[in-house]
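Following this line, the structures themselves.
Next, two complexes with chain A in common: one pairs it with chain B, the other with chain C.
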Partner chain A sequence: MIQAGEAIPPFISVIYNSPLATHVRESEITFPLLQTFHVLGILLMVGSIAIVDLRILGVVLKERTAAEVGKSLLPVTWVGFIVMFLSGGSLFAAQSGKIYDNIFLQVKLGLLLFAALNVVIFHATTYRSIASWPVEGAPRSAKAAAVLSLVVWAAVVVTGRYIAYY
Partner chain B sequence: MLITETPSVFENLFLSLGDTGVGLFLAGSTASFAAVESLHLLGLALLGGAALVTDLTVLRVVFRRADPARIAAALFPLLLIGLSIMVVSGVLLVSAGPLKYWLNPLFGPKLLALLFAVVAQFLLYPIVLKWNVQKSVNLSKVIAAASILIWITVAVIGRWVGLI
Partner chain C sequence: MKLRALVLGLALTASVAAPASAHHSFAAMYDANRPIRLVGRLTSVEWTNPHSYFHLEVRDAQGRVTTWACEGAGPGALSRRGFSRSDISVGDTLVVDGYLAKSGGRIIDARRITLPDGRSVSGGTPGDGGPGDAAARAPRPQA
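What follows is the complex of A and B.
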């Protein structure tokens, strides 16, 4: 319960008291259902991202080019992202008044921002030349971005799990 | 700690997980338990990602120009690594409180669904190899579709095991 007089930032208060957040919080079934979707979204989004990263690193699917693997799995990643964003956003809204100052939530949001930045920078720079990457291996900058991506997404999953405990 | 009058060897073994050093440690440490849960989720990303992409390739949704048998073979190590991580972390999670899972009505169904999922997924490999035979193509697609549904079932029941 949120205590009267507790200083909640006004925009958190608006989110927390929205009809959607209130419904999710008060429904017996919606909250765990959204959690289930959030778990399934992990395999769609993080699973597909991991396969693309591991291809760039030359670990799996070496027979296919990195360009083909990236292009083929991008729709899976997008579906996963939409599932994660909608389920995660609703779960956050429902609990926002209680967890907005949760340290793991804040670190997770920071990591998500960082992961997004990594994607944007990677696509604006190294990725432009993906069609001409040599068969033997991706350029060093692409491999660095892939390692960063694997580490950051794993950290997003881990910090996400810890939110519930603190 | 035993709950039936004549406990089976399996029940004894299952419940004795809680008396192991690691079981007692995880039962007493929330942070460590959450770390193992996180590992279970990361295993899910690998296993689920590899299984889904394999099945979607067989269904000709992704990697349409590739030979599905080669994609399946290429992703098989990832699938095995993911499955191993999930099984090891899963056993560790159970060891933190085996009685809770023994009594959980969804735990048995989850293990059964897992068995079906593994069988379906592994059945796919020898069949998809005969991709030039139309009968084999059709059978591969049925198994791939079933495999996706069963894996989703495992994940969904898995989430609810922790909720009830």
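What follows is the complex of A and C.
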């Protein structure tokens, strides 16, 4: 809760007092509905990313190439990202004045940034040669990126869940 | 397959870590061994998700007045128990039975709120595992 006299950064205050944030915060149904969509967004995004990672590691879908699996799941990842981002952004806005200094939130946002960097670097480097990866297995650098991706996305979900138990 | 073991291990870690902490927000903040009853004048209401707050001005035996925050469930849960925002207004006297915060601050977990019209409603957050919570009374599944 906000204590009297506690200094909230001005931009957080603007977000917190916006009509959307106020509506979500005071609603009976919007808040749990957004929480539900946030879980569904995570399901689609992190789930599809995990399948691609596991294919790169040679654990699942070995009858298809990593390139095929990656290409067919990318739209699912994007839909999940949009749902996750919009619902998560609204849930954050609604509580921003109270949770901006929550350590789990800060760690989660840091991990999200790290996960995004992993995606960008992976796609700019190793992924470019995906079509020519040998059938026996992906290059070591691709496997390293896949393991990192699985670990970091799991950590994002865990720290995200812990925001409520700070 | 070392890799497979690693992946499986990560998945297991993620799956047990989350539920272990879920629904323990009561214990995370409040002390079930320190019940308290506050009777005071309502100074402000935060009818908000995920928790609501009722701020009370309470006069102690020495006549000192302090302001307390009483944390309760969110708007949806309170409304389903027949407690709506319009049932209370600033200046009303509320009786709140709850538990003190572990931090020692002037905030309590509001388990039961007696409204100005005399009705007594449960204020606790559903599934938080606090005293009187349905989830806390249910038999625990054996792992």
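The rule is simple: the second predicted complex is superposed on the first by the 164 of 166 C-alpha atoms of A that agree within 3 Å, B and C clash if a C-alpha of one lies under 4 Å from a C-alpha of the other, contacts with A are read in each partner's own complex, and residues count from 1 in each chain.
By definition in this document, a residue touches a chain if its C-beta (ideal position, glycine included) is under 8 Å from a C-beta of that chain, and two chains touch if they have at least 3 such contacts.
The shown structure was predicted, so the numbers you read here are calculated from the model rather than taken from an experiment.
Q: Per the contact definition in the header, classify A:Ile29: touching chain B only (first), chain C only (second), both, or neither.
A: A:Ile29 sits against chain C, while chain B stays out of touch.
Q: Please indicate which partner A:Val158 is in contact with in the superposed arrangement: first for chain B, second for chain C, both, or neither.
A: It touches chain B and chain C both.
Q: Touching A:Leu150, do we find chain B (first), chain C (second), both, or neither?
A: second
Q: State whether A:Gly47 touches chain B only (first), chain C only (second), both chains, or neither.
A: first
Q: For A:Leu57, is the partner it touches chain B (first), chain C (second), both, or none of the two (neither)?
A: Second partner only.
Q: According to the stated criteria, A:Ala21 is in contact with first (chain B), second (chain C), both, or neither; which is it?
A: In the superposition, A:Ala21 contacts neither chain B nor chain C.
Q: Check whether A:Ala115 is in contact with chain B, with chain C, with both or with neither, and answer first, second, both or neither.
A: neither
Q: Scan A:Ala94 for contacts with chain B and chain C and give back first, second, both or neither.
A: Only chain C; A:Ala94 stays clear of chain B.
Q: After overlaying the two complexes on chain A, where does the chain B footprint on chain A coincide with the chain C footprint?
A: Residues 32, 54, 154, 157-158, 161-162, 164-165 of chain A touch both chain B and chain C.
Q: Going by the contact rule set out above, which residues of chain A touch chain C in the complex?
A: 1, 24-29, 31-32, 54, 57-59, 94-95, 143, 147, 150-151, 154, 157-158, 161-162, 164-166
Q: For a test of understanding, state which residues of chain A touch chain B in their complex under the given definition.
A: 32, 35-36, 39-40, 42-44, 46-48, 50-51, 54, 60-64, 68, 72-73, 75-76, 154, 157-158, 161-162, 164-165
Q: With touch defined as at the start, can you tell me which chain C residues reach chain A in the complex?
A: 3-4, 6-7, 10-11, 13-14, 17-18, 21-22, 24-25, 28, 46-51, 53, 69, 71, 74-76, 79, 107
Q: Can you list the residues on chain B that touch chain A in the complex?
A: Those in contact with chain A are residues 30-31, 34-35, 37-38, 41-42, 44-50, 52-53, 56, 62-66, 70-71, 74-75, 77-78, 152, 155-156, 158-160, 163.
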